[in-house]
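Below, each structure is written out as structure tokens.
Two complexes are shown next, each including subunit A; its partner changes from subunit B in the first to subunit C in the second.
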Partner chain A sequence: MLVKLLNTLLMIVVALSITGVINRTRALLAGRKGIRFMQHIYNVRLQLRKGAVYSPTTSLLFRVAPCVYLGAALMAFLFIPVADLYPLLSFNGDIILVAYLLALSRVALILAAMDTGSSFEGMGASREALYGALVEPALMMAMATLALFCGYSSFAQIFETAQELDMNLTVVLLLVSYVFVIIMFIEAGRVPVDDPRTHLELTMIHEVMCLDYSGIDLAMIHIAGWLKNATIAMIAANAISVVFCFHWQFAAPLAIFGTGIAIGIVESLRARNKLSRNTTYILTIVAMSALVLLTGFLLMQNIDI
Partner chain B sequence: MELYLKTNNTASAVALADIPQVDYEALYADLAERMNDSRYHVAHYFATEVEAGLRFYLLLLDDTSAEVLITSFQPDYYSEEGLSSLTALHPAFHPFEREMHELYGIHFNHHPWLKPLRFPHDRRDKNSTMDSYPFYSIEGDELHEVNVGPIHAGIIEPGAFRFICNGEQVLHLEIALGYQHRGVESEMVRNQNRLRQTLIAESIAGDSAIAHTTAYAELIEKLAEYKPDMDLARERVVAIELERIAMHIADTGALATDIGFQLYQVACEALRTMTINTTQAWCGNRFGKSLIRPLGSNHPLTAEKIELIRRNVKEIRRRYNEVRCDILEAPTLLARFEQCGLVPTHEMQRIGGVGMAARSSNLLRDIRATHPSGYYATELHHTPITKRDCDVMSRLATRLDEVLQSADYIEQILADYHPTDNIAKPDYAAPLRGEALSFALVEGWRGEICHVALTDSCGNITKYKVKDPSVHNWLALAIAVRSEGISDFPINNKSFNLSYCGHDL
Partner chain C sequence: MYSYVLLAATALIVAIFLTPQRHKVWTATGIIATAAGGALWLAVRTFLEGEIVIARFTTSLFGEESLVADPLTSLFLAIISVAGIATVIYSRGYVESYLKRYSPAHISLHYTALMLLVVSMMLVVLSSGGFSFLFSWELMTIASFILILFEAERQDVRRAALNYLVMMHIGFMFLVIGFVMLYNATGSANFDAIELYFKQNAPLPLFVILFIGFGMKAGLFPMHIWLPEAHPAAPSHVSAIMSGVMIKTGVYGIVRLMQAIDQNTELLYTIGLIVLLSGIITGLWGVILAAVQNDIKRLLAYSSIENVGVILIGLGIAAVGHAAGSALIGMCGMCGALLHIVNHSLFKTMLFFSAGNIYSKMHTTAMSQMGGLAKQMPITAILALFATVAICALPPLNGFISELLMYIGMFNGVSDGHEVLYSVAAIISLSLIGGVVVLAFTKLYGVVFLGSPRSTHVVECSEVDNFRIGAMVIPATFILFIGLFPHIAVLPISEVAVAVTGGERAIAIDFFTPTLHTLSYVSWALLVVITLLYVAKVRAQRNRKIEEGATWGCGFTAPNTRMQYTGESFSEGLENIAKSLTKNTVDGRSVDKSEIFPTKHNYDIRHKDKVDSLLGRWWVELMHRLNEYVMRLRTGRVNSYITFALVFLVVVLLLTIFGVI
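== the complex of A and B ==
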């Protein structure tokens, strides 16, 4: 039980810290002092204390969506182990559940955005739906690769047995974690796919869908975003730590700093994609995870390549 | 009879009596033919009340011979027929004809786009207001409209942008401006206090304060028959080029911001601050307000200030050149800007595009080279920078190069400058020539600024017309985004960076 609690606690720390590390990395690269490490948490705390304002054109759907979004993200979050620890929830086949909980959270937000009737939010919803549909195969195939290696279909069991894996699979595991990091870029709405800092409604994807939310609803959306990030970042970190050092002391900092610094550097040193190029970008990741799955499958058959 | 009075940007004001008064039909026939040649473009075209109705003045620029062609006509006030629209043949005339239509109810026959330019009320149709602006629309189940503004989410000024899109692709963009009614032109006439007029000129467009004030000062000096001292002209050029550097750097940073490229954004923000702080060290205001005054200056350069400006400009040039070289080799940035927002040369010429945007479409429109005045005419022989690709990257590349060019000019101007005390204090009371038309053309950072004034027999200004380059170039933005993705609108908008208040006078 203690193990499960420590696991959940570490996951919460990861969820709260990644944004701070991103902000700090960006500030350092920009030559600025930067905001406080915990500033994003203070902002959300402030929003949690406020009520919400609703547009008269919205319906019940709009009000329910943040709860669904947060609930789904929280559920998915609880299935993820931190390296050798054990998650709070786990059952055989939970990888499918996690994938579709993430999809459910997306659907909730898309419907809410459509509900506002705003032309900006409609465009945001359409973009999110397209990218969501495109990124899903990549996520499923990356997870399938893990399941294939270990013969289990729950995250807890996969990573428990993964450390006994053949070293031949090392490269494949690293590629899987790379795929997960890129999926996180897409899910979290980060450069190069989306830019959370932009003030331009016409170019936004994730941000534009939250434009009509305020106060506590907005806080819930932010928290859900952190949980989703932590979920995917932790899977990626686990895949890497299987190769190097399968301990929670290694995997948790890796999830925080690995993904945080990677996102910070990418956001400082490159431009956003043209929106129409995003589809190509995401499809490349899909192709890559298909390749990973195939390579993994061939290696499992002990074929000499 | 000659259709036009030929003068140039360095000559003094012209007497109203010398301006030929021609028959509109003859003028129309001549312009229909003449405007096909890209050497001509229209600088100003306006109507003013005279005793027997309205008199129309037209200023045409000949970029090859550096001549300014002025003409006028006075149609029968009681005629119901209306005038044949020149816009139908040459879209460059559209803002002028629309303005005259809304101000005086003149009807232009066959005008393709006779919509209000600035004012909410239409003399012919009293029910037409800004709230019922007749936006263009296209029928179709697959199309959707996106409206941005007029209350803008950012900190900029009001303007309504109506997109008609097919999915992510923009089919048509209509820009409706005119939400601010500041009364700049009538205020310039209402009060003949010239200090007050100078302050109004400074406020026409905050980002071109120096250029607009220079235009006002040159206009007054022409009316006062005052030939500016060479040192004064020299200092004005330094001021205008400093403004150009500051704004071009700011726009480079803004373009980087819009594609989420933090590195160049912060680099340019720092450099822009350094530039405007240099202006502040000179005159006490970061945007150069109070720096330009008619017939003199309150802030003549001293040896220390020259030293400071030269040192700062040299440093800015060095650091900006590093940014420039990086930008030209940044693949993710080039992927966003190249082949985006095309305005082909012939389109730019047809709609009368001017300034930096026109030069980026390989159309040479640069007052500093084609109609130079002051120091540009005598000492500095300006070579305009043009780009061939007509896209967002060209407009950025023009900025990249012009900053370096302007920095070199400042260095060249100040290197051998030993200030003497012969720059006069400004004179706000010099008598002005009566019954005259005076105009000033200045190349601001955005493009050609044209001010025109008419005086009565006592030398009072009776008509003051201002034209900011934005008046021409807003249409170029609408053309640039056609068939682009709607998410590329912001970078196109920034690449032109047009003025709302320069348009809404």
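== the complex of A and C ==
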């Protein structure tokens, strides 16, 4: 039980700090003083205290959607172990549930965006639905690669047994974590797929879908975003931890700093893709995850023989 | 015995015809409810006691045959009964507006056909094979043909119905050939004889012939083209029962075939691959075509094709896993597929019912006319949302449970090293299907129910009557039950799977129950968390300033409803990728990029299936070409016709001289 609590606590720390690390990295690289590490949390606290504005076009769905978004992200979040610790929830097959909970949160936000009747939000919803559809196979295959190596289909068991994994798989595991990081870019709406800082609604994806949210609703969406980030970042970090036999003491900082700095650097150094290039970009990741899985499979066969 | 059955059937039909116009529905409801009650009772008894033989009789064509209820039959009987009752209750509201327009004979014919459809589907799953099976199969086709023809004054309806009838009879021909082959080789045309046939003869030809025959009904690629034509033409409750249940009789046939091959590992492997491959192609094709449709019922029809594909993926994985010696994969795949059959019959019925609610108020199924219907039809909207979440296979509803079972099978295939490549292929396609389904149904729901109205008709809509709502609540209850108590719902399913694959019951108990039990807690927890968050939000907002303000137009001061995203634009990104699958017909003209101040444009795009033109239309094309040649002879001048006559006479003369004629 203590282990589970520690695990959840660490995950919360990861969720709260990744955005901070990204902001600090970006500020450092741009040579700015930048905002405080905790600024995003203060912002959300402020939003939690505010009232709200709702459009008369919207229906009840618009008000429930943030709760579904946050609820689904929270449930997915609770399934993720920190390296060899044990998560709060776990059962055989939970890797599928996590993927589908993320899909549920996506559906909630897409429908809420469609509910506003705005052309811009429809645009964001349409893009999110397409990218979500394309990224799903990549996510599943990356998870299948892990399942292939460890012989289990629940996160807790995978990363528990993964500690004694053969070193021959190092490259493949590094590639798996790379795929997870890219999936995180896509799911979180980060450069190069989407730019959360853009001021032009026409080019937005994730940000444009919450244009009409304010107050508590917006805060919920932000919190859910952190949780989703932490979920995927932790899986990526776990895959790397397996390579270097890291335990939770290292895995948690790795999730925070590894992914945070990676996103910060990418956002500072490269521009967002042209929107029409995004599908190609995502399909490349899908192809890559298929390749990783195949390589992993061939390596496993070699070891067996 | 025949005469009694015939007499009873005639009496029931006469009863429907004699009832006054307004009450015909209740006679039909009575009959269907009785049949459904009997079927359910039979199903429960079969689960408790095992196989039950209802009747044995001798047919002139294929010899001794019987009506037998076994676990697989019971599962289908349950689906047919539930969907049958929901459909007939729904029809009370749907047909009401037609009562004045149509003659009593027309309405009676409709209800007779509905009754016949339900009964014939029950007979299809009860028949042990041969003549009685083919007879009920044909009865089912004809009953559904009459049902599609409800609005027979519309030309597109007549065309779709004829198309359906022709396609079904091509399939039927294959089935007849298959059963005759079976009878010739083994002396019996029962399903039991297939096993014997496969042992003695080359199995693949018979399998392929029967697979095509069943696949035509199930809507397998490339035999799916009748579905998107028939469903928009049929009344919604008919689409519901056809799509939710009738196409599953094709799947039933395929499961029966697999059951017969169960012992022959090598053959099971080959057939598993065929089934898996056709499932993958059908699923992907169906879902991509569904996502680009702009007509509610066409979208739902393609989604039915996709779901049949998903079911076949499950069956294929089950067969491959079973053949490779992994009982766990076999059980997971089979249970997933069987549960998906049940699930699809529930949410697809609901979705077609909601389409019917919309059609009866809007008098169109074109999405581009809708928008914001959630305000006018709140209960329909909530129920449709329910079905949408279920069909997207999202937790905590039932669609997720069946896909989870299939995924567990596949992931076990990957992690245990059994058939890794096939499992991976199935995982990729199932996840891609899952992703695109989300796109298709967020499009459907978002464009139809959410946002602001795209035409003035929307404002005149109102909620439908309680019968239709009640009919939708029936499947909704089951959806919720399966989603929230999966460990209970899977018990009868695993019982059926054990009977079909000869699998081990222990797997179901040791593996499914703990997994699904945890999942049940998680589903409840998810619901509780969402409710708590919502309650907390509402409580926190109670004393705060909640304002109303127009949707943010991004600085534009005069936004109007026509600037909303349409269904077409929503799926544009996917269309660009999947361009090669569709053949688009465009009426009017889109706004050119160089037009800075666009004038009024008409733009109507339809995404037709490419297979449609490849398979269904080539002979029409051929006829057109031939006609063109013949038309050259029709010059319209008398002198040329006289020349033709002269040429003809000369040719005949020459032929006679040379002794050809």
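Note that the second predicted complex is superposed on the first by the 302 of 305 C-alpha atoms of A that agree within 3 Å, B and C clash if a C-alpha of one lies under 4 Å from a C-alpha of the other, contacts with A are read in each partner's own complex, and residues count from 1 in each chain.
In this section, a contact is a pair of C-beta atoms (placed from the backbone, for glycine too) under 8 Å apart; a residue touches a chain by one contact, two chains touch by 3 or more.
No experiment lies behind these values; they were computed from the predicted model shown.
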Which partner does A:A52 reach: the first (subunit B), the second (subunit C), both, or neither?
second
First (subunit B), second (subunit C), both or neither touched by A:E267:
first
After superposition on the shared chain, which partner residues are touched by A:E136: those of subunit B (first), subunit C (second), both, or neither?
second
Just to be sure I read the superposition right, which of the two partners does A:A30 touch: subunit B = first, subunit C = second, or both, or neither?
first
Where does A:E201 make contact in the superposed view: on subunit B (first), on subunit C (second), on both, or on neither?
both
Could you look at A:A255 and tell me whether it touches subunit B, subunit C, both or neither (first, second, both, neither)?
neither
So in the superposed three-chain picture, is A:I223 touching just subunit B, just subunit C, both, or none of them (first/second/both/neither)?
neither
Tell me which touches more residues of subunit A here: subunit C or subunit B.
C
Who does A:G151 touch here: subunit B (first), subunit C (second), both, or neither?
second
Classify the contacts of A:D212 with the two partner chains as first (subunit B alone), second (subunit C alone), both, or neither.
second
Using the superposition on chain A as set up above, list the residues of subunit A that contact both subunit B and subunit C.
119-120, 122-123, 126, 201
What part of subunit A is in contact with subunit B in the complex they form?
26, 29-32, 119-120, 122-123, 126, 191-192, 195, 197-203, 267-277
Using the touch rule from the top, collect the residues of subunit B that touch subunit A in their complex.
144-148, 153-154, 167-168, 256, 258-263, 266, 330, 332-333, 335-336, 340, 485-490
Partner subunit C, residues of subunit A touching it in the complex:
48, 50-59, 61, 63-64, 66-68, 70-72, 74-75, 89, 91-93, 95-97, 99-101, 103-104, 106-107, 110-111, 113-123, 125-127, 129-130, 132-137, 139-141, 143-144, 147-148, 150-153, 201, 211-212, 215-217, 220, 279, 290, 293, 297, 300, 304
Of subunit C, residues touching subunit A in the complex:
371-372, 374-375, 378, 381, 385, 389, 392-395, 400, 403-404, 407-408, 411-412, 414-417, 420-421, 423-424, 427-428, 430-432, 434-436, 438-439, 442-443, 445-447, 450-452, 511, 514-515, 518-519, 522, 525-526, 529-530, 533-534, 537, 540-541, 544-554, 559, 561, 563-565, 569-574, 576-577
